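Listed after this line are the structures, all set down as C-alpha cells.
In what follows, chain A forms one complex with chain B and a second complex with chain C.
So, the complex of A and B:
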C-alpha cells in the first residue's frame, strides 16, 4: 500500500559484484568502512526499502483491539470493574535503535488504558518484561510509555521493571512435558488479564516468547537459553525450526493451562532505521545511487568520526532515534496473532537468496539489543554477529558449513561497569580459560547465575543478570559449530583473540586468511545489514 | 678464585640505582658489583667447609641489591664487601653434593646459648645476626666472612648444609632454597580448609608458593595473578584454580569468594570493583610493591590474613583497611621449622626437597650463564617474566673455572 508520500518501496535483492560496482559501505561500530569486494565472485544482499507505515496508527490499534484474531474476545469484553489487569511490555532492547516519540508502546498502552478506564478497571500494573535484562531508567521508561502514562502510574509504584530475582514476586506455574519449569511473574499470574504489548523488530520476537521469556527468570530461562537448544535452533529467527521457540511454545501452553489469560498485541515496524532524509539517510541508499552530495557527506562524516575519541563517537550515535513507522498491529490470541505478525516482518525483511557462500561478510553497527545507551563490548560483538546476524536466515545459513565469517567492528576491550559487570568477569576469566560453549555452560554458568553480587546489582542497579553473558555466548553457539573460522576486521587484536577469533587489519587481509580455510577464490556474500534483512536461502 | 663482589661504593651505588630504574638489571653494568679474582677466603671457624657451587640462583633480593633498590634497613645487617648468592647447590671437597640453607643463625655464629628463635628452629628469626664469630650478615651472600654463591667457592657451616639425593638434578636442587620460602609462606598463611587464597605474582616465589599451597593446604580456590603467558601456564600447572592478570585480581577474588564489591572508591559506578566487602581468607603477596599490597588490602576479607613474602622496600600504602577490616599483615622471611597438621614438626628444607621432586620444580630453571656473563645474566633475571623465564642461575660447573685458584 502506498499513500503517495514516497515511491513504491523496492524489494530487497542480491547484487552480483562486477568491476563497475562501487565500494560497499560496511558498518564498523560507531563508524564506517568502504570496502571493494572482489568482482566475479562476490554478491551483496540489500534490504528492501522501508514499507509505508500505517497512515493512522491510533485507528489501526483501536481496530486491532476491537477485532482480535484467533479465539479471543475483543479487549473491551475482557475488561470489567474489580479485575486485576497487568500490562506487560517489551523493554529497552526493542526496537533498535530506539524509535522517535511517540514510541509504539506508548500508543498501544494509552489505547488499552483508555478502554480499561471506560470499563472501570482500577487495579492496573504496568511491567517492563525484561526477564534478566537490565532495569530501564526513568528516562527510558518515559520514552517507552510516554510521560502521561509514566506520571500516572510510576509514582504509585504501579509501573515498574520486572524483578525476576524477587522470591516473592515470582511463581512456578508448572512444568512442560519436557520437564521445563515455567517460571513466571506472580503479579501477571494472579491477574485476570495480561495484556502484552510487543514491538516485533525481528521474527525471533513475540509469540509465547513475549511472556514465557519476558516475564521469567533464570529458573525458567535455563531450559531454553542453553547450548543444546540454541544449537538446534536453525535458525532462531525461523520460529518453526527453532528449538528455542518450541520450548517457549510449550511453556505458553502451561501458562494458558494454569489459567493465565493473555491478550497479545503485536506490532511491526518498517526498516526506516536511518531516515529517508537527514544525516544518516545515505546508510540506507544503494551505493551506486549515491549523489555527489552523498559522497561528500559520507567523507565528511567519516573524517569527522575518525578524529573523535570512541566515547564521543558512541554518544553521537546514542542520540540517534529511528523514524520507524508501524506497518501492522494485531491483537488477540497469542499464536494467531503471531502468525500474522511474522508474515508482516517477513514482508519487510525477507530477501530471496540462491545458494550458500564460502565467506560471509558483515559490517556490525554500533548497537545491539543489549547496549542501548551503553558500550558494545566484545561479547556483544560476538553475539550480534554470530547470534543475531548469522541467524537472520530461513532455510539454510548464508554461509556453508565450514565456511568463514568476516565481521567488521572495532571490538574494543571496553565494558560498561554498571550495565555489564558480569560480562567483565566472563571476558577476563571464563573466555581466558575456554571459548567452548559446552564447557562454559558446564563449568561456569551456575556460579555466575547464582552470584549474590550480580543478583544484587541486577535487582538494585542497572546491571544485566550475572548469567546474561553466557546467553550471549550460547546465542552464537550454532554459528560457532557451523563455521570454520571467524575473522574480525579492524578490531582490537587482543580482544578479538580472547573471543577465539582472528584479527585482520583490512578486508583483503581477512579474505586472504579465509582462503586458508575455504580455498582460493572463494565465493563471498556480503549481508548489508542494517537496515534489517533476513535471507531466505534456497 | 673468581667471584662477583659487591663493594660499598656510594657513587656507583647511586649510578646503579639510576641505571636500574631505567632498565632493570642494568645496575650490574655501572654499579658496585664486579667480577674479580680473589684469594680463597679464610675459613671463618674450625668446623667450616668449602663449597664449590654448581648452580647458584639469582633471586629478587639479589636484583634489588644490584640495582640499588634495597632498603637502607639492611645496611647494619650486612658486611662489605660481600659476594652475593644464597640459592646454591654445590660440591664439598669430598664431592658430596649439597644444598645451602643460607641463614646465618646462632649455630653458625658460634653463639651459645642460642637465641630463643634458633632454639625453636626458627632460624630466620635469629636475634643474633650481627653478633658472634662472624661479621654481620643475615645470610650467606651478605656476609663478608663467608663468601657467597656467585663465586667458584665459599665457606659454609655444617649446620647450613643438606645432602642432595643422587637422583635429584642440579636444577632441581638449586630450587630447594626458594621453594623452602614458598613452603614457609604456605604454613604462615594458615589457609582455612575450603578457604579462598590469593597469590599475587607468579615469578619464582609465586609459583613455588602455589605448589606449596597445593601440597600442604586444602583451600577451595587458589587465585593467582600472572603477568606473562608462561607464568600463567606454570601457575595453572602447579595448582592455581584461576590465573588472572594483576589488574583483574579484584574481580577474580570477588567471584571466587562470592562476595560483594564497592566500586570507584565509593564514588564510582556500581558494578566497578574498587574493593571487596568480603574477600579472600588469605592473600600471599609475592611481589611486595605498593601496588600489590594495595591489592592485598582490597581483596582480603575482614579478619583475613595477608602474608608478605616478596621483599618490599619503602612502599606507600593506605592502611585504613588494615585497621577497619582488622586484617593481619605478617611477613614471611626464609624458613626454619614448620608445625604440621598432625602435630609433628619438620624442617622447611626437608619439605622443600620433597616438593621440588614431586612438583618437578627443576623445570623452573630456564636459563643459566657463566659468571663472566653476569651482566647479561642479571638483566635476563630482571626481565625474566617477559622473556619467558622463571629462574636464572649462574652455572659454575665448568671445571676450569671451578678449579682456578
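So, the complex of A and C:
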C-alpha cells in the first residue's frame, strides 16, 4: 500500500547474520566503519523506515489546540485579556540533529500566539526550558521559534533562556510525599497559564518531565538526577518502569496542586534523520539495498572524511539538519497527552527482539543531546552509549547481566571550553580518582554544583551547569552496574581508559576481549542506531 | 547624391507598375477601409515568451542580471518564505506597488518552483505601447497585458487560461504604482482570478522600493528593502470577489504592519482592527505627504555640522 508520496514504510526487524550478510555500517563519531559480524551467532536490529508525516501540520496543530485531551478545556477557552501567559519550549537538545526550518516549535508557538492575539492576551513570556543546560544562542533560538517570533519578543526581553540559578527567578512550590523539593521557574509559577511546547524524539521526553525538569534547577533536579534513581530506572525510556519519571510525576502533582495550570502540547517526529535523498540518505538504507551510486558515495565520503582534520569533519556534520516530519500532535492535560505521545513514539521506534545477547555492539554517531554545535567529549560518549542507547529498551536490556558492551567512537580527549568547562575538571580530577558513580556522587557532586565560577559561566556564558557532567555519568549508572565490561573501538586509548573502559583497535579485537568476560563464541547483537530504534525485548 | 535619388525613383516606378495580385488591391472609393489589426496593447500576443528558449533567456536575465542588481541596489530582506511551505501548484502573488523596482525584486524573491513559471500582469497601455517595449516586457519579466483603462474580459480569460496550465501570476491589485508614497485601494482582479481558477492568493508586502525608484523618477538610488510573504489565502466556498479582495487587502495591511513593527504587534492590531491603513490618511495632498514623513525618500535629512548639545 502506498500513500502516493513514498512507499509504505517497512517496520524495523532483526536480521540474523550469515555468511552472505554484507558488512554492516557502524556510525563512528563524525565518520563511519563497515564491520563484518561473525556469522551464525550475530544479529542486527534495523530501525523502522520513516513514517509518513502529517500532510497539513498547521491544521493538525490547530485541531489539537481546539480538541484537547484529558480534562482540559480548548486553548481559546483558557485565554482571556489581562492574563499572564508563559510559553515554555524544549531547548537545543531536541530534536537531534536539529531539524530543518520551520522547526516544529515555531509552528506550534505561532499557532498558540495566534489564539492568544485573538483573545487579547498582552502579557506573554517565552522561555527556553533548558534547566541546567547551556543557554541557547540567538541563532539557535531563531531556528527554534522562527524569526517572526524572535523579532517580536526577544528585543523586548520577553523571549529568554531559563536561568535556574537566579535566586529571584526561581521558587519552591512545595515538597512531594517523598521529601523532594519542587523547584520551579517563578514566572511560570505566577502565570495564569503555562503552555509547554515539546518535541518527543524518544519516549523519555515529555510528560511532567517537560516542566518538572525543564523549568527546574539543581535544587529540584538532584532528587531524581541521582545514582539511586537512575539505577532504578529500567529503563529510563520506559516511563512506567522508570524511577526518574515516577519522581517527575510526583513533582507534576505538586505543581498542579500549587495552582499552576499547564496546557501541554506534545509532538512526535518520524525517523527521517538523514533524508530519503541527499548525501546522507544511505545511512538509513539497509546495506544490501545500497545502489552503485550509494556505494560510490560512501567510499568517497569515507575517504574524504579520513583525510580531513577532526574540526572540519565536525563542522561538516554540524551543518546537517534533519528533514524530520511531524507524525502527531496532541494537546491538553499533561498525563493524557503523554500517553498518546508515547504510543506514537513507539509506533515509529519500537522493534520486537527475542532474548538477550552476550555482547551488544553499537556505532555512536557524531551527536548527542549535549553537543549540538559543540564537541562530543569522552563523558558525552559514555552518556550516549551507556545512558541513552543502552536504555533504548523496554522489558529487559538487550544485553544480559554481566555481558559486554562494544561501542565504536573516536572518543577524542577534546572538550569545548565554553560549553563544557566543568566537564574538563570532572574528567581531569574526578575520573582520575574514581569512576564509581556512588563514590563520585558522595564526594564531588555538591562541590561542583555549588561552585560559583561554574554558576557564573552557566548564567552569563554558554556553559552547562557545573553539576551537568555528574548527571551524564549517573545517566550511565544502570548500564555500569549491569555490564561486565565496556569496550570502545577506535577510541583514544588514554581517554577510554580514563573512563574506566577498555580500548580496542578493531571490532575483532574487541570481540576477542569480550570473550574473556562472556566466554568463547558469544552471541552478538548490533543495534543499528540512528535512525532511532527502541528494542522491545521479550 | 543625385544618382541615389534617381535609383529610388526608378524602384518606386517599377513597384507602381505591379498590379493586383502582385500588390494589394486599393480600397475602392466610397468604401470604408477595414480596421487596422491591432498588434499592441492588450492584443499583443505573448505566447512566444512562454516557449522554452524565451524562458531560458528569462531565467538567465533573472538570475544573471536582476539578482545581482537587486542585491546591490535593494539589499533585500526576505521574510515569511516558510509560510509557502504547504503551497502546492500555481498561485496568485498579490503585492502592493511602489516602484518599477518591485517586479525585479519580487521575481528574485518568489521562491522555486513558482519563480520560473511566473507571469506578471502588466498594464497594457504602459508596457505594451510599442513593439520594442512589448517584446522586452514579455521576454524579461514574462509580462502579460492587462487592460486597466477599459472594462474587458479578454485579459482575465487569457490569464485564467495560463493559470490553468500551471503558471503562477504576479499581480499588483492597486493597479499601478503609488503616486504619492501611500498605497492605493485594491482592485478586485487578483481575488476574481483566484476564485475563478480555484488557486490560493499569496499576499506579499514590499517595503522600501519607493525610495529606490518612486513614480516620477528616472534614476534609481540604493535603499534597503523588505519583502514579506504572508500565509496563502484560499477563497471560502461562499465568498465573492469583493469580500475576498477585502480579506486580501487586510492581509497585505497586516504584513505592512509586521514589517514596520513585529509579527506579534501586527497580529494583535489585526485582531483589534487597528492596523495602520495602507492608503494613508484622508485629506489634502500636503497632509498625506506630511504624514508620510521622509519614508518616500524625497526629503533628505540635513547633515548637522555640530553635535546636538
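Everything that follows uses one rule, which is that the second predicted complex is superposed on the first by the 535 of 538 C-alpha atoms of A that agree within 3 Å, B and C clash if a C-alpha of one lies under 4 Å from a C-alpha of the other, contacts with A are read in each partner's own complex, and residues count from 1 in each chain.
Definition applied: a residue touches a chain if its C-beta (ideal position, glycine included) is under 8 Å from a C-beta of that chain, and two chains touch if they have at least 3 such contacts.
As the structure is a prediction and not an experimental result, all values here were calculated from the model.
Engineer: Once both complexes are superposed via chain A, do chain B and chain C end up clashing or fitting?
Structural biologist: fit
Engineer: In the superposed arrangement, which partner chain does A:347 touch: chain B (first), chain C (second), both, or neither?
Structural biologist: Touch partners of A:347: none, neither chain B nor chain C.
Engineer: Look at A:447 in the shared chain and tell me whether it touches chain B only, chain C only, both, or neither; answer first, second, both or neither.
Structural biologist: Touch partner of A:447: chain B, not chain C.
Engineer: Quick one: classify A:457 as touching chain B (first), chain C (second), both or neither.
Structural biologist: Only chain B; A:457 stays clear of chain C.
Engineer: For A:83, using the defined touch cut-off, is the partner it touches chain B, chain C, both, or neither? Pick first, second, both or neither.
Structural biologist: A:83: touches no partner chain.
Engineer: Looking at A:418 after the superposition, I want to know if it touches chain B, chain C, both of them or none. Which is it: first, second, both, neither?
Structural biologist: Only chain B; A:418 stays clear of chain C.
Engineer: Return, as a multiple of 10 degrees, the angle whose vertex is the Cα centre of chain A and whose sides reach the Cα centres of chain B and chain C.
Structural biologist: Rounded to the nearest ten degrees, it is 120.
Engineer: May I ask you to decide whether A:428 touches chain B, chain C, both, or neither, giving the answer as first, second, both or neither?
Structural biologist: Once the two structures are laid over each other on A, A:428 reaches chain B alone.
Engineer: Look across chain B and chain C in the superposition and give the shortest C-alpha distance you find, in Å.
Structural biologist: Comparing every C-alpha of chain B with every C-alpha of chain C, the smallest gap is 32 Å.
Engineer: So in the complex, which bits of chain B are touching chain A?
Structural biologist: Residues 242, 244-245, 248, 251-252, 254-255, 258-261, 263, 268-273 of chain B touch chain A in their complex.
Engineer: Show me the residue ranges of chain A that touch chain C in the complex, using the header's touch definition.
Structural biologist: Residues of chain A touching chain C: 56-58, 101-102, 106, 113-114, 117-118, 120, 122, 124, 146-149, 151-153, 155.
Engineer: Report the residues of chain C in contact with chain A in the complex, numbered from low to high.
Structural biologist: Per the touch definition, chain C meets chain A at residues 79-80, 82, 85-86, 258, 262-265, 267-268, 270-272.
Engineer: Using the touch rule from the top, collect the residues of chain A that touch chain B in their complex.
Structural biologist: Listed in rising order, the residues of chain A that touch chain B are 416-421, 424-425, 428-429, 432, 447-448, 451-453, 456-457, 460-463.
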